[in-house]
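For reference, the structure I am asking about is given below.
Chain naming follows the written order as A, B, C, D, E and F, and within any one chain the residues start at number 1.
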């Protein structure tokens, strides 16, 4: 029965990465909650960088300043 | 006061079908809950088939395999 | 594949009304979009009247003033 | 920790207006709840006017009839 | 037409703080987008601290360790 | 920057299971998208079984009939 929404910025996530997210989250829910995977749906919402704010700033502005979201 | 979100895959839903969903859901809420329809808002989110997962698979992949969501 | 969220205020919606909403929305989607109903999930979010704002006011305050959401 | 979603119709909201919304909401939450702004994320969802319903009508249809959402 | 959802942890937000958030966000949208406030709805979702994750940890666990979300 | 919402039915999910979901999803996003985990927030929404519909039926009714969501 789970429905999962993943909101992230539209910054070149590939089809393969989306498939990895979908497969990984579904497997995790199946394993942790013992849910039938046919009941798990996942929607990825890609949000333009002008439309996402972090700490009061648009992500597009942060990117122009060279600030990334990468793991260090 | 209700706010309804309908998440579905972007697969050619027509303007007329969207209007039918909007009219139908609003009428249903007005009838069942006796709510003033001017307080009911509905947003339809169309999600790319690469961005929706079902049972661990991307919908775009399922469609390539000929698997549909049609009522039998 | 649709997932529907209905956000409304927690003001005594009965189990039967919830069932009517669930049945009605599912039937509507099945009919308008020809979707297999086993792919349609619906979640009703009941929100405390202190937690819903309309026109800048809490619903709990509007109710104390005798203002309802009823259809006239 | 707050996450804020703003759903509105896609009707020419400018980059500057989005920045004003992001800044304003983040400042408000920081001030009212005393939250570290680095924990506040905001996503603006722009919805096509065919995909938003109000009082049972598509916004695109209301706009064709000359009905706006402007403050009077 | 805007619909705003504010997700935050259930940690003693008062009725007055909720009213400040509702009033502040509605005023901001009215001012920045010139929207009729009767079209703006806001729902605050309070999430139990066991149910919110940040950097891979439950908020309830972070709080037990004395880590807060307060602005420094 | 990701924000993940997991909607599931309120049917006895334990604190440990929630932690496993939070840890697992955060690790997955960090690995697949190379995102700083301090930017990933997750909210689990537990929905009463009267408030979730599947195939037009309330989950509470399905459970009374002995129909579960368990993986076979």
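The working rule: contacts are C-beta pairs under 8 Å (C-beta built on N, C-alpha and C of every residue); 3 or more make two chains touch, one makes a residue touch a chain.
Only a predicted model underlies this, so the values are computations on that prediction, with no experimental measurement involved.
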### Query
How would you label the chain A and chain F contact, same or different, if same means the shared numbers make up over half of all numbers there?
same
#### Entry: Computed distance of Cα centres, chain D from chain C, in Å
21
### Task
Could you please state the distance in Å, as a whole number, between where the Cα atoms of chain D are centred and where those of chain E are centred?
15
### Query
Counting only residues that touch at least 2 other chains, which ones in chain F make the list?
1, 3, 5, 7, 21, 25, 30, 37, 41, 43, 45, 52, 54
#### Entry: All chain pairs that touch each other
A-B, A-C, A-D, A-F, B-C, B-D, B-E, C-E, C-F, D-E, D-F, E-F
### Query
Contact residues on chain D for chain F in the complex?
1, 3, 41, 43
### Message
Touching residues of chain D toward chain E in the complex: what are they?
### Response
1-9, 13, 17, 20-21, 24-25, 28-30, 32-37, 39, 52, 54, 59, 69-72
### Message
Quick check on the complex: what are the chain E residues that touch chain C?
### Response
5, 15, 18-19, 21-23, 25-27, 30, 37-38, 40-46
#### Entry: Residue ranges of chain C in contact with chain E within the complex
7, 45, 47, 50-58, 60-61
